[in-house]
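Next come two complexes built around chain A: one with chain B, the other with chain C.
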Partner chain A sequence: MAAKTRVMKRPERKSSYVRATLQGMALTFRHLVSTVTTGEAATIKTMQYPEEKWALSPRWRGTHIMEQHEDGRPKCVACGLCPTICPANCIRLVPGEDDMGNRYPIVYEIDEFRCIFCGMCQEVCPVEAIHVGNHYENGEYSRDNFVYDLDRLMKQTHPSTLLWDPSDPAGE
Partner chain B sequence: MAEEATPTELITCTIDGMVLQVPKGTRIIDAAAQLGIDILHYCYHAALSAPAQCRMCLVEVEKAPKLMPACVTTVMDGNVIHTQSEKSLKSREGTLEFYLVNHPLDCPVCDQSGECKLQDYVAVEGRAMGRLAEPKRIIGRDDFGGDVLYEGDRCIMCTRCVRFMREVAQDERLGVVARGHRMAIDTFFEEGMEGNIWADNVVDICPVGALVSKDFLHKARSWDLDRTPSICPNCTQGCNVTLQVRDDEVMRLKPRPNEEVNSYWMCDYGRLNYSWINRGGRIEAPLVREGERLVPTSWSDALVRLSELAKGAAGGVSAVVSPFMSNEDLGAARRVIAALGGGEGVFRVERGEEIVLPGFPQLALREDRAANVHGAELLGFTRAGDDKGKGGLQNAAVHGGVVFVMGDELADAPADFGTGASLFIYVGHVLSPAARNAHFVLPATTFAEMEGSFTNVHHRVQRFWPALHVPAMARPAWQILGVLLAGVRGVDAPATPADAFSLLGELRAEYGELRFSDLGAQGRPLPRLGALAETMGD
Partner chain C sequence: MFENEPIYQVGQLSTTAFVVSSLLKILILFTLVMVIVALLTLLERKVSAWMQDRLGPNRVGPGGIAQPLADGIKNILKEETNPGQAHNVFFTLAPMMSLIPALVTFAVIPFAAPLPTRWGVIPMIVADLPVGILFLLAFSSLGVYGIVLAGWASSNKYALLGGLRAGAQMISYEIALGLSLMSLFFVVGNVGLPEIVYKQQQMNLWFALQLSASFFFFWIASFAETNRLPFDLPEAESELVTGYHTEYSSMKFSMFFIAEYAHVLTVSMLMATLFLGGWDIPGWGGDDMLALDNGAVVGAEPAWWKTFLTLGAFVAKTFFFIMVFMLVRWTVPRFRYDQVMDLGWKLMLPAALVVLVVTSGTILALDAAGVPYLVGMIPVYGLVLTAVNAVMLGAILWMLDKGRVMSGGASIEEKRAHARVVAKFHKEEFPATAGSVTSTPPAGAESYGS
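Let's look at the complex of A and B:
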């Protein structure tokens, strides 16, 4: 379900990066010298990423997480509300019934590349199964890998977003 | 009948401040409906008796000591009725709260969700929060057999299903068991609903998700479905239906009310026999024979070449058509046969036992299991083959002149079907081995992809509308044949289904007296023939 893309051919002569690289190096060098000459060495502005990371707001919305029951089944009941409300149309759902007579998603896929991270799927979910996550590092080698299936959504380890204060869910 | 002869006495009443005159004996709920006031109800159904047990339709009638059930109380002269008064609103709110005492509120997993009366009414007039502290009782799920599944917890005991089986199907297979909060609907014997072909109607009339179709279980959400008015193609009764479509695939058929044809009902044979409409592997482009091969080409190229060949056609026509094609298609086929030198035309149809719905005897699953058998007969095609819709091709198979096949799949045709023909034209949907012998293969649309009409068993002409996208280059057969005729004879080709329908009058005068736009969503009987069939029915 990954989005179809076309790779544009760029003119090779006009895309030299040598000049931009030298400009960047010059800027870095200026800052290196300025810390010594102005005595600002004590206030280093560089963050030691990735060892150090930004603290995210609890309402930050990133890639999704599927909550699960203790026995490893997804909490999702395949009601179809998230694909209905999704403004980017990036959720694909095929409902089915398991041996216990429970409705569950046979297929549940989210195209994180299409997703606009509005969080409406989490808001609409009647069983608190799908959540947007408190997470911002996403890198893949292909667009297809951004289509998260049910298995992958359940294996996500990052914390989920708090769209509302749990002690005051109605915002009163 | 005697009642209708005497002039009915009109009485005046006031409902929600609007004054209305209705015949004596009209129920409040029907009188209110005439004013566009929807009185909430569960147990009342226009085609069933009213037990007044759901207590949802209670309205305030001035000078009456208590609230009156609108589904059984008849309007009296001078009644002043309030459906939205504080008293009736409060009563309905209380009733709804009682319904939700044991209702599981499993809307996310319930198939009825989105078209559920309990959901709708609670949203409009129910309480925002429940007050129940005790646990809900659990009845669980019961397989009723056939296509019907019972979810006991969701049931609100309106008993519409019980009354349908008793009064309309007249095959009492459902009953109410136990009492109080343990009350449930159940079957009496091991067989359950199995074997009654009207069983799925209880799923339609169930106002909540207590009775659900196993075929449709978890398949689609009701708000994802596009609904197109159509005609059931599976027998000559021509029940009015809605094709419910998601992602260009028919998900289910639901009956559409028409008092002249099917009331509110339809049979399970027609309802569940829809997978053929979704079949893939269709012909996608006009194919023209070049030596041993069939080569895809454009419509203009195919039809120009065909009309050139057709002008010199000799030896007469042997035609095989399908009774699943519309009146317009069959009429165009008849005109093409005449233009190519005339000849015989046959159709083949599967036959089965006729099963009448006892409570509404005009409705039956008819013997002929294709929608337009009577249209084909009126337009001069004759029946061939056996009761399985096979055989009867012996004349066409060896015909030396023009062989013309429209819609029929030729699944059982001999491998050399039409090889001796001077010109073999195949207008159809799928390319069976016999169809590969054709000189011209022209892709046509099915009834679900086009606008047109069928003629039913009572000679009632009924329209259907397109519900699915047309596969690739396919076109309605009347359009293909109309352009072909324009090439052969130089007449104007019909541009719209209404044009094609108006041309039917030349073949059969009765069609000429009807106008396509007048058929509406409920159809019209063919003059003389339609009336004849109805008196015979009586």
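Let's look at the complex of A and C:
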């Protein structure tokens, strides 16, 4: 029951309340003065976010992009692999076929709100049509706006994600 | 009282001029105080940011100057939520009771030298009450009613604890605050704030030096009175969520916030007036003046430019105290509850009493010996008091240091050791009942005490 306490014998200058308080106040005051006099850039490490941003890794997976042909058609062939593999079940695809026998998506929607950005849709795509991209600022004012349709996916301008290559694991 | 002083007959204000000038002073001072309080919230955030090598608010306006405005608009437009179990009347009353005393107290603080005008002399104080500082003490301690009421009416155990702490803290430190002012009253012989300022000018030495021990106690107590950081137990966010204003939202919360900063401003102005000579410009006799009731001015000749210069001096002194408030807040961590009580009752109260007795004894001896305030330019009277107080202040700091009176974690250990001794003694004295008195029966025991 008896608590073992050992009282350390410290020299007075190390265990003085008044001096410790004054030392602490001197420290904060030095920081205050140095920040005000030498300018904010010298001491402050805060990044001014909307103006400055971290450089993203080329393998960062964010908002999707749909690649398109030169004539503006989507590269997607509506094979149905991406909605099948999608673990979050956020891709809706209604396939169609024109008179030449070419398959194309009538409806292609991705719910970015449900998406977990695993990048498996990009990995599985046989024609390299759907990509995840280097982009993360996708705020919206309503939930409905998070469902990106085909037009919106094709209009995305940010760079697409570089997939991890097993033969080159370090990305060289 | 003023037989040796030159008197300038400037003339008394007519009733109309008095009313108009008073209304103008109220309007200007109230607006200024509200603006300064708003800017203080910004300054606090900026200063804390600079101390921690951060930037602070810098998005609204140049350098974040419009941040208080944005905060105000946000707080007014925000939804107000009231707890279902709260007592509605008191819940609404509490923020008002907290804010109004904080705003009323500005009325009795003189902020510049009297201004001579065509219509007579205008004292630069809203209400020159004969009871000056007593009014101020009464109203500043009224502010705690708002806090206690807020805690009580919220129907929240943390808020209640915060309110109780505020009450206990206020009672503990009000005594030391009053006692430290007593020695000041003995020197001045008056409780009016303009008289206190004039006395310091006459003695050519500020009370911060003459009564340094009292100044030290007043300073500590003022931290406790404003609930600022080393003494912010009523809101202690890490223990009590945010204490008494846990349940408050939108503008009601904002009113507590404004009240806190208004208190900081009042106390800073008060300390500047009482101990740093108020609007006195140091080392210059040209501003030593006091406006009398009959419209005359004692001392130096009043002038409008002197009013503005002294206003600047007053603002500088107030700003100094505000900065110290902020420096301490962002440096010193919060006291434990028992430390606050120990400091208040075991150190401040007895030490303030001793300081009071010694200081008043010195004053009595100096008056009996007929020591003049000034010999040439040397403030003999003040220097004797300075020496006596410096010795006492040194002794107080020595006691505070290393916990010779008030100790940190060790005090709890001492209390435990004492409890063990008592328990052991009890066991030896009453062996038959010892088991049932000192320990509860183990779980699953048949019946208590069998």
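Quick note on the criterion: the second predicted complex is superposed on the first by the 121 of 172 C-alpha atoms of A that agree within 3 Å, B and C clash if a C-alpha of one lies under 4 Å from a C-alpha of the other, contacts with A are read in each partner's own complex, and residues count from 1 in each chain.
In this text, contacts are C-beta pairs under 8 Å (C-beta built on N, C-alpha and C of every residue); 3 or more make two chains touch, one makes a residue touch a chain.
Bear in mind that the values here come from a model prediction, so they are computed numbers and not experimental data.
Undergrad: Touching A:P126, do we find chain B (first), chain C (second), both, or neither?
TA: first
Undergrad: Could you look at A:T28 and tell me whether it touches chain B, chain C, both or neither (first, second, both, neither)?
TA: After superposing on A, A:T28 lies in contact with chain C but is clear of chain B.
Undergrad: Any idea whether chain B or chain C touches more of chain A?
TA: Touching more of chain A: C.
Undergrad: Between chain B (first) and chain C (second), which, if any, makes contact with A:T84: first, second, both or neither?
TA: The first partner, chain B, only.
Undergrad: Just chain B (first), just chain C (second), both, or neither: which does A:A55 touch?
TA: neither
Undergrad: Contacts for A:M100 in the overlay, against chain B (first) and chain C (second): which applies, first, second, both or neither?
TA: neither
Undergrad: Residues of chain C touching chain A in their complex?
TA: Spelled out, the residues of chain C in touch with chain A are 47, 50-55, 327-328, 330-332, 397, 400-403, 408, 410, 413, 416, 420.
Undergrad: For the complex, give me every residue of chain B touching chain A.
TA: For chain B paired with chain A, touching residues are 107-109, 113, 141, 217-219, 221, 223-224.
Undergrad: For the complex, give me every residue of chain A touching chain C.
TA: Going by the criterion above, the answer is residues 2-3, 5, 7, 12, 15-19, 21, 24-25, 27-29, 31-32, 35-36, 40, 43-46, 48.
Undergrad: Name, in rising order, each residue of chain A that touches chain B in their complex.
TA: Touch list, chain A to chain B: 77-81, 84, 95-97, 101-103, 126-127.
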